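A single structure is presented below for examination.
The first chain written gets the first letter, and so on, giving A, B and C; residue counts start at 1 in each chain.
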Amino acid sequence: MNLRIDNLSLAFDGKPVLREIAAEAKDVGVLAIVGPSGGGKSTLLRILSGLLPPDSGEVFWDGSKMSFREKDLLAYRRKVGTVFQAFNLFPHLSAEENIALPLREVHGCTLADARDKAMERLARFQLKDHGHKKPGALSGGQRQRVAIARAMAFEPALLFFDEPTSALDPEMTYEVLEAIREVREEGRDLLLVTHEIGFAREIADELWFLADGKILEQGAPKDVIEHSGTEEAKRFFERVLRW
Amino acid sequence: MIRLIGRGVRRFSFFFLLPIVVVAQPLRVGMELAYPPFEMTDAAGTPVGVSVAIAEALGESMGRPVEIRNLPFQGLIPALRTGKIDLILSSMTRTEERARAIDFSDPYLTTGLTLLVAADSGIDSIEDLKEGSVVAVKQGTTGHLYASRNLTSSNILVLEKESAAVLEVVQGKADAFIYDQMSTYKHWQRNRETTRALLDPFRKEYWAIGIRKGDDTLREEVNAFLATFRDSGGFDALGDQFLQEQKEAFAELGYPFVF
Amino acid sequence: MDAPLLYTTARRAPSRIGVALGWIVALAALAGFFSFAFYQLDYAWNWDGVWEYRQKFFTGWWTTVWISAAALVLSTVTGFLVALARSSPVHVLRSLSTLYIELIRGTPFLVQILIFFYIVADGYGISNRYLVGVIVLSVFSGAYIAEIFRAGMEGVSSSQRESARAVGFTPFQTLRFVILPQAIRQTLPPLSGQFASLIKDSSLLSIIAVNELTLNAQEVNSFTFSTFESFLPLAIGYLILTLPISLFSRRMEERLKHPS
């Protein structure tokens, strides 16, 4: 992906959340965004994944400007996949149906086609036997993997992850991170907001550090983590990597 | 000195009167205060009307204070039977069915069932009310009873309130309202454009006072009172006080007056 | 049978004998309570008189049934549409629906019946009182159902809405596939309560001489002077209609439950 952000701002109820952000990622496979809570990471992800228009500023994907009109955002959302921290799945539908329904209704697959694709995806994540279960009967890790399967089912151009493991215990966290790694190995581009700094360092090509509404660091993960210039970033990484 | 004695006597006489007051139990008279000029309330909400006046005269003759209980018409007989009231004085017609449930005094008023009809209904007598006509009646009255027994091919509208039944006729939703003579006259007077009154009763009715079965002493007292009241011109006086207009109209139309 | 939720954390299914015993004692206590009252009154029962008029009860009950059924369907449709209007982005729809809801919920049904029948219907030339009865009952119930639906829809968490958007659903698709199926589970208990209320509220239509169960029971009472014997069948007549509704709703709730 080639992503450029220019002067992006957003405020909620008068309180600024993103302050004139500017950053660039050239020819990047995985972009990871890290930073302290409340810094604006989730908000930035929502703007980039087409869920929220900014108050001002511009976003460029591969050189073309992103249009923030609702009609265009709807079309955009249909081309990308998003996985949230929790509550992704529709609790009244089975895991398989959670994947098949959008395939039929949004991407125009036939009933049989959608079912096959869904089962295929579930099998990839070792969830074939759980396809008929409702989300309530699945563990947190399984739910997130189904969510990833759903986001990927229609071969999206780009995948967004908003702290996908923050609500999980260590074992399930491992499951999900492995699943994300597999997704990457299939060759998809990812944009990942996470607290798992170790994972980010391993998998990301570019790392942005976002704090208090501003991007304070951007660059190769190793560089940002070990040789950050700003005080906030230094302090953050020291703390995070201590334990 | 004399003043002190006077005060003492006054205080003493209070204690003398006390037992007399305690012994005279109130006479609870049930009526539905929605039937002017017989049972109604004045602007302040106090019961007033022909029946109220009769009740008070009755109480005076028996030496008992009168309590007027305002109840819906259909609830009067149940209230009497369960002992909530002692008498029903609510312009109630004596009928065979009712006489099975309660006792009645001698009749004190003669009237009859008449029709209030819509002005353009083309109905001139009870005979015209046959196939498919719409007849309004008030729940629990003799008009209701008559209609349900005799007008089986008509569509009977049973209303809770007299005013609603009149409204149905006025608005043309009902062809006729079966009710007593005096009320029909009054409603016709109030709605001269939209209604006509067929005031010749197609069935004679007698109003009497309702008494609990077995309460024979009370019944005899009431009958005695009614006789005296009539002889002393009590009813005539009431007629002049409350029913002046009806008295004149009936005289003009050639109908005998109710008392 | 539902397990007692409040007092136990252990999820033991209640024993059948225990439940049956509970019901027997409760019903016996109720019967005892009323028997004592009647005994005190020394009431002379007159069931024959009422039996003579049994046809009236059936006619009236049947009228109640079809009027309630028609109003049930109509009010559910109305309520649903009004609930959508209430949450719609179009301001005129919002104000109209809010006005309707506040007016109807804030005034007594009896007043609505009288105004509607003797003034509005008369003005617009609708003379069939049964039609008016169904309409006014539907309008009345519809306002309450609209609020029930709205609460149900809002009860679906906003994260579900976000998830639906992320998947690429249009607002209509979100409503149809995500919000409504989940909202229905929320709305079932209050909705069934409202249906039972509707059936009971239909008794007020007697005021405009609609020949339903309550009016007929009152008539029998007028003819026989047997108040209790006339009104006991009345109570039973309504129970026959409302009990199945609450049982059905309970069954549906169990079926739609999913562990969250």
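Assume a contact is a pair of C-beta atoms (placed from the backbone, for glycine too) under 8 Å apart; a residue touches a chain by one contact, two chains touch by 3 or more.
Everything numeric here is computed off the predicted structure, so don't read it as measured data.
Q: Specify the chain with the shortest distance from its C-alpha centroid to the centroid of every protein C-alpha atom present.
A: Centre-most chain by C-alpha means: C.
Q: Report back the single chain whose CA centre is most distant from the CA centre of chain A.
A: If we average the C-alpha coordinates per chain, B ends up farthest from chain A.
Q: Approximately how many whole Å separate the CA-defined centres of chain A and chain C?
A: Chain A and chain C have C-alpha centres separated by 47 Å.
Q: Between chain A and chain B, what's the gap in Å when you average each chain's C-alpha atoms?
A: 85
Q: Approximately how many whole Å separate the CA-defined centres of chain B and chain C?
A: 40
Q: For chain C, jot down the residues that touch at least 2 other chains.
A: Expected reply: no residues.
Q: If we count contacts the way the header does, which residues on chain C are in touch with chain B in the complex?
A: For this pair, the touching residues of chain C are 41, 43, 118, 122, 127, 129, 206-209, 211, 215, 218-219, 221-223, 225, 227.
Q: Taking the complex as given, what residues does chain C use to touch chain A?
A: Listed in rising order, the residues are 157, 159-160, 162-170, 173, 177-178, 181-182, 185, 256, 258-260.
Q: Touching chain C in the complex: which residues of chain A?
A: By the definition above, chain A touches chain C via 49, 51, 74, 77-78, 81-82, 84, 86-92, 101-102, 105-107, 134, 136-137, 150.
Q: Touching chain C in the complex: which residues of chain B?
A: By the definition above, chain B touches chain C via 74, 77-78, 81-82, 97-98, 101, 136, 139-140, 144-145, 148, 157-160, 164, 167-168, 171, 173.
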